[in-house]
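Before I ask anything, here is the structure I am working with.
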Amino acid sequence: MHQYLYLIPALPLLGFLILSLAGKHLHKRVIAWIGAGTIGAAALITILLGIEFLQSPPASGAYTQLLWNWFSAGQLSVAVSITADALTLVFIFVITFVGALIHIYSTAFMRRDRDYARFFASMNLFVCSMLVLVMADNLVLLYLGWEGVGLCSYLLIGFWYETPANCHAANKAFYITRIGDTAMAIGLFLLFKELGSLHIATIIEQAPKHFEAGDTHITLIALLLLAGGIGKSAQLPLQTWLPDAMAGPSPVSALIHAATMVTAGVYLIARMHTLFQLSPVSMTVVAVIGALTLFIAGCSAMVQTDIKRILAYSTISQIGYMFLALGVGAWSAAIFHFFTHAFFKALLFLAAGAVIEALHHEHNIFKMGGLKNSMRVVFLTFLAGAASLAALPLVTAGFFSKDPILWYAWGAANGNPFLWILAIAGAFITAFYSTRLMLVVFWGERKTPVGDHPGKWMTVPLVILGIGSVAAGFIEWPHNLVHFTLFSEQVQKVLPAVVLKQNLPSELIFQGIAALVTFAGLYTGYVLYYSNKGILEGWRQSAALLAIRNFLLGGWGFDDLYHALFVQPFLFITRINKKDVFDRLYNGIAQANININRLLSLTQNGSLRWYIAGVLLGILFIITMQLL
Amino acid sequence: MPSFTVHTVLIVSAVLFVLGLIGVLTRKNVIFMLISVEIMLNAAGLAFVAAGAKWQQPDGQVMFLFILAMAAAEVSIGLALVLQIYHQHKTLDVENITALKDEAVDEMV
Amino acid sequence: MNELQFEALLPFIVLAAASMAVILLIAFRMSHTVIQVAAFLMACLVIFAMWYVKDTLPQSVPPLFVVDGFGALFTGMIIFSMMAVGLFSYIYFEEREENPKEYYILLFLATLGAATLTISTHFISLFIGLEVLSVSLYALIAYLRNRNNAVESGMKYLVLAAVSSAFLLFGMALIYMETGSMEFERIAQSIKESSSSVLFSMGFGIMVVAIGFKLALVPFHLWAADVYQGAPSPVTAFIATVSKIGVFAVLLRFAQSVNLPQYPLVISIFSVIAMASMIVGNLLALRQQNIKRLMGYSSIAHFGYLLVAFLPGNAAGVEAAAFYLLAYSITLLAVFGVISVLSTRMKDAEDLVIYKGLFHKQPILTAVLSICFLSLAGIPLTAGFIAKFFILASGVQQNLWLPVLVLVITSVIGLYYYLRVISTLFAASSSTGTTAKTLHPFFYISTYIALIVMMLLLFWLGIFPGRAVEGIREFLLIR
Amino acid sequence: MILVWLIAILLIGGTLCWLLAQWNKVFPKWIALCATVAGLVLMVWLCLQYKNSGDGAGSEWFINYRLSWIPAFGISFHLALDGLSLVLLLLTFFLGILSVLCSWNEIKEKHGFYFFNLLWTLAGICGVFVAMDLFLFYFFWEVMLVPMYFLISIWGDTNRRYASYKFFLFTQAGGLLMLLSILALYFIHAQQTGIYSFDYFDLLHTSPGASTAKWIMMGFLFAFMVKLPVVPFHSWLPDAHSEAPTAGSLILAGLLLKTGAYGIIRFVLTLFPQQAQAFGWWAMLLGAIGILYGAFLAFAQTDLKRLIAYTSVSHMGFVLLGIFAFNEIAMQGVIMQILTHGISTGALFVMAGMLKERLHTRDINQMGGLWTAMPFMGGAAMLFTMASLGLPMLGNFIAEFLILIGAFSASAALTVLATLGLIFSACYALRMMQKVFLGPATVTAPLKDMNVREWVMMSALTIGIIVLGLFPQPVIDMVKGVVGALVD
């Protein structure tokens, strides 16, 4: 099967080409088949490939296919070459499998849209770019995918381009990720200058020989790459674009802004783990950024009222967990959390999309309510996703993936109690807002009548994802409970295993605390939003608490800060210099010439005596020259 | 023989020349300007004669004759023009004959 | 004077005879057309005479003249310019009510004066040539005495020219006083022998006034625009070409004879004048709306450029100057030819407004005019570019960086007003139509042919200057 | 001889256009089209020949044609072709065809004269790319300006006079200083060897004193920097680009600017290697400033063509940065940038022209939501906007990436500065896209999407930019010899 590796990105690309060139003339049903079918085919190939990989792993640990030599100049030689090792396969699987489900869902979700073909073309292009990103065997190709997904994200956030707010959100997403991308590009330049290659395998091999651990250069490179990852994965301080990115259709949010693209940063760091390992400083930075982000975004998620913004902040927060895991050196835990998160977060977004559509594009959760019975399938699947998000112990995938991260935040060699405290606080918050979301949307009284019920093309993917949200965790158990670690075994062929501290307390204690905290979060949510709503009413009276709420609602004021610090000065400079100061300079020169012309014109006054005076002036000048 | 040297004559001619020049500059009447020019020409002629005397050559005097002839021609045309000017402008004041000059330009083509 | 010497002077004698012949023709009450044709034939005769004597060159006619290649070259240019002026005069003057017959006498006499300048080696011949030229010009300028302020411009020119002649004479007298000779060669010799040359350089300095006046160099340039505007268009062309070629030729010859470049003072005076001319001329023209005045200012600048070629005082400089004069006079003649053709009974076509949208009405004239202006601006494919290139080359060769830089900068400024004219030509059409003239088509056709030939000449010189340069070089070697 | 024919086709074609226009108004455009297509065919044939001849290994010249012109001054009609010239000529004819096509309906009056000017400009540009005699080079350098001036001043927009003057004066000022430098070099060479020659290959061996050489180089560099343009001298470009007719903008942006880059590569680097090295840091600084400054100004503009013009300033900053990085990678990037910028910015100008034809305005505040009416044009606009901000897969990315990665080893700080330009390029590009194609539909008049002719043009450009983005290696190989020789 591995000789068809290239088909995995090529099929979505083909879909994109057909849909973008001929989409206008195709019937919607054909478009749907092409759009979802290519992804489905890619998913099928991926699954077959995965089976082949598990049964008979390749000797080098990766399938590689050279497509063509892209360009080579000087020492720089770049090939369009794709590779798939265990890490990549995890990503490919999520991208194609979850992607295919989301595409299927979209065929129904977008059925009324005028630009049906454009939607699927963009989605296919996205999947293709994302696949290139994860399959690239060199950083330039990776960068190609990296920018490609950025483009698609831009296109899809601004899919309903007639609303200016959507365009602004799209632009914002592009600008902010572009900042990270630029940093990453500089990182590539530095890397190339140091190592003379951008081939990932070569870098991984050469870096330990070339750099000493803690070298300034390697730290710089790692931090620059990290900046790229931060931008794409919406981590502190470049997280502000993601909540706004919810302007796109819900499937887009599910695919791009939850399951796949935003985790590209995680992939990058995991892929370049050698570089990070060589630089303890950067590892610490990754961990701290992750911990802070998960906390900050979680806090914001607690007070949001827009269902998709809650999920967006939750996504930021969950990716914060992945970063935290990466930072403490728990590589496979990070990837595993990505894996499960893709299921439950995609599910949540899709279910939310179904709710929103049913409620006539109502986004405010406080105008929903009581959907428990009227939208049975959606309710059940949403429940599965929310439980997984809240990391309900033992029954949800979220627990299996988040619990190790909490443990490693303390216990791994790079771990630290402070990180753990933030992480555990995050766990509480997550549980709290998941409960809040469920209770407000599905319980209570009905506030908006239900319109369209989702059809089978929408519910089937929800159900599959719901099963995934519960079951995906079972392939990797905490080793103190059941010794079944299929996932980390595979991933650790590529990524190093986690190193633990000495003399740690028992892991079980931490698991217990985590479970307790989760339940505490659930209970708090239950009390505040179901059993005793009066408390909340009381809080609403307090100005200080309201101020805090608004502060959190606005995402900790980052938007305003950036607006004042960067956007305003930039706009100011461009506005005052719109006419180009150099133009002024040259116009000034021209004006000076004209003024001299005016002056000289005065000498041409027609008076003969004046003209003779000119002659006199001349002779005086000549005589003066003679005398000097 | 003469009690003055060639240089004295030269200085006299230079003074004459400057006088003529001053005349041209200060007079407003065209006829007087022409007269002043004649003075300047004759000053130059005088200088030629002096130089011819210095070198004991006839060339200076020959040149003077040419100058006379040329001055006559010039004045004849000059006077013809003066007539025309008076005819057209009813004045001989050069300050009033300034139709040809740079005009203020407001809008450029 | 022996036979050979007489022969060498034949063209000049024919020229003088031509003016007599025109007098006779007038006496026999011949029509304008006949005189025009006869004048043309006589000009051809002059050329024929030149061709006839070319093998006998160089021939010195001491002490006044030397007929060498240098003289022949510049005389040739003068005669050709005169022919062109004569051709344009027909259309121009036929429109006017005045009897244009005497005009041709004056034209021939002025040409004779200018031609004499090119071969003179003596102050007397220089003076006579200059005065014959000047006196004829006074009359020519004021020829159309009832219109166009011609009399005013004639008067201005006359007074200023007389003043400058006085300066010239006084300067000559001083040099004569110093050196005891009025012959260029002998002057050079005696300066070489004598220790001090204060009086000489003082004298030459004073002579510069007259030369500067004739060439319209700053600060003796103030008359130029007024006279250019007031004079009839063909006469303006004559002043701009023939008279300037003659004066420049004699300046070159004098400078070569006495080896002027050895006097740093003279050089610095000339470079200051050159730079001032380039700057002032171009700046004055910047917003000028009257095309004849504009040409006047532009000519100030162009003679500033030309002085840059004069400054080095080497063979390359003379070559460059000769080429420049050639290109410049062709260009100017063509420009004034177009102006003459477009001029109406009432008024010269001097307002730039008249030229607005000319492209739609008169494509051929527009093409000629735009090529001319491009040539004046020094744009490749035209003669003006090669000419400017040669001047720059001679300047750079002698490391005259300051004047050369001024040349470059001012020619960029100058570009502006040339482009202004060109874009006026191509602008959207304005309604002012030119009135059709009722003349014999032969003269129209011949004028158009002449204009087109000149345009092609500009191209030819601009693309294949090799032959012309070699020709100039050969001529200059005959000495 | 084939090079002479190449130029002659255009010259003769142009003249025919003018002459036959009296006859029938349709003739000129067909003649122009035939002439440019013939040129392109010839070029493709030459390219194949070049490939077969072994990719111009070393510094050998593929074609070298020489004819005496003005022997008195040692001026010859010397044309030569190597990989670099070949690539640029290909671009010239490619964009030449497009420029003819995009003026198909735009030009309403004076067809003959228009196509005459168009073809003569192209001929001048071709001449610049193959002239190997410095005098001849200068000659062509100026010849391409005059017709361009006419294109702007006759068929331009409302402010065309101002724009055309500015264009001409700036480039002339630069050109004349270059002429001085050429002359200085010529005389120094003559002093040293006694041979008066303007020939490039003769002058290559001239070694003026260090300080003299510096000044001479400045003369050359000034001309090229004005043309490129480098930031303090860029002022002519926005006006000229925005006022010119579409084909004019296309040629200006796609080709004329490239002559500046070509000049630096061909003449400054080879004639004054040491001085150029010494100036390298400053030039890179100017390049980086240009990138940022152009991007800032592009962001502020409301005139669509002016906006695109400032993006050119920004992109040409990359060229300067790359050239003076003095290494092979960056130089390859520069050549790629020359090609890809020609295509991408050309496409944007063509697009602006189409919009102008439909909406009769260039003000982006009066546009908006055009995607709905013109999805294909919107798609194409998106593609080229993305190209202009350096999206991978498209040619510009290869160029900018190579330039930056090459420049990084020369000066990390300046490269970082330049790389920031990528962020600002996103700002202006997306702003443009949003103002024109996205947002609520403001134009109520019925708009037609692209017609067949426009389709052909846009697909040619699209294919061009994608092929360069995915398969740039043939181009890189073609100039490898030249670049290698330059960097050594």
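Some observations on this one:
So that you can tell them apart, the chains are marked A, B, C and D in the order they are listed, and the count of residues begins at 1 in each.
One rule holds in what follows: a contact is a pair of C-beta atoms (placed from the backbone, for glycine too) under 8 Å apart; a residue touches a chain by one contact, two chains touch by 3 or more.
This structure is a prediction, so every number in the text was calculated from the model and none was measured.
For the pairs A-D and A-B, the larger set of C-beta contacts lies at A-D. Note: centroid distance subunit A to subunit D, computed from Cα atoms, is 38 Å. Taking the mean of the C-alpha atoms as each chain's centre, subunit A and subunit B sit 94 Å apart. Separating the CA-averaged centres of subunit A and subunit C is a span of 78 Å. If you average the CA atoms of subunit B and of subunit C, the two centres end up 25 Å from each other. Residue numbers of subunit A whose C-beta contacts span two or more other chains: 601, 604, 606, 608, 612. Residue positions of subunit D in touch with at least two other chains are not found.
Counting only residues that touch two or more partner chains, subunit C has 155-156, 159, 163, 225-226, 284, 287, 420.
Across the assembly, chains come into contact as A-B, A-C, A-D, B-C, C-D. Put simply, subunit A touches subunit B in their complex at residues 601-602, 604-609, 612-613, 616. Across the complex, subunit B is touched by residues 123-124, 127-128, 131, 134-135, 138-139, 142, 145-146, 149, 151-156, 158-159, 162-163, 165-166, 169-170, 172-174, 176-177, 180, 182, 225-226, 229-230, 284, 287-290, 293, 352-353, 356, 420, 424, 427 of subunit C.
Against subunit C, the residues of subunit A that register as touching in their complex are 593-594, 596-597, 600-601, 603-604, 606, 608, 610-612, 614-615, 617-619, 621-623, 625-626. Those residues of subunit C whose C-beta lies close enough to touch subunit A in the complex are 155-156, 159-160, 163-164, 167, 198, 201-202, 205-206, 208-209, 212-213, 219-223, 225-226, 265, 268-269, 272, 280, 283-284, 286-287, 413.
If you check the complex, the residues on subunit B that touch subunit C are 6, 10, 13-14, 17, 20-21, 24, 30, 33-34, 37, 40-41, 43-45, 47-48, 50-52, 54-55, 57, 59-60, 62-63, 66-67, 70, 73-74, 77-78, 81-82, 84-85, 88, 97, 99-103, 105, 108-109.
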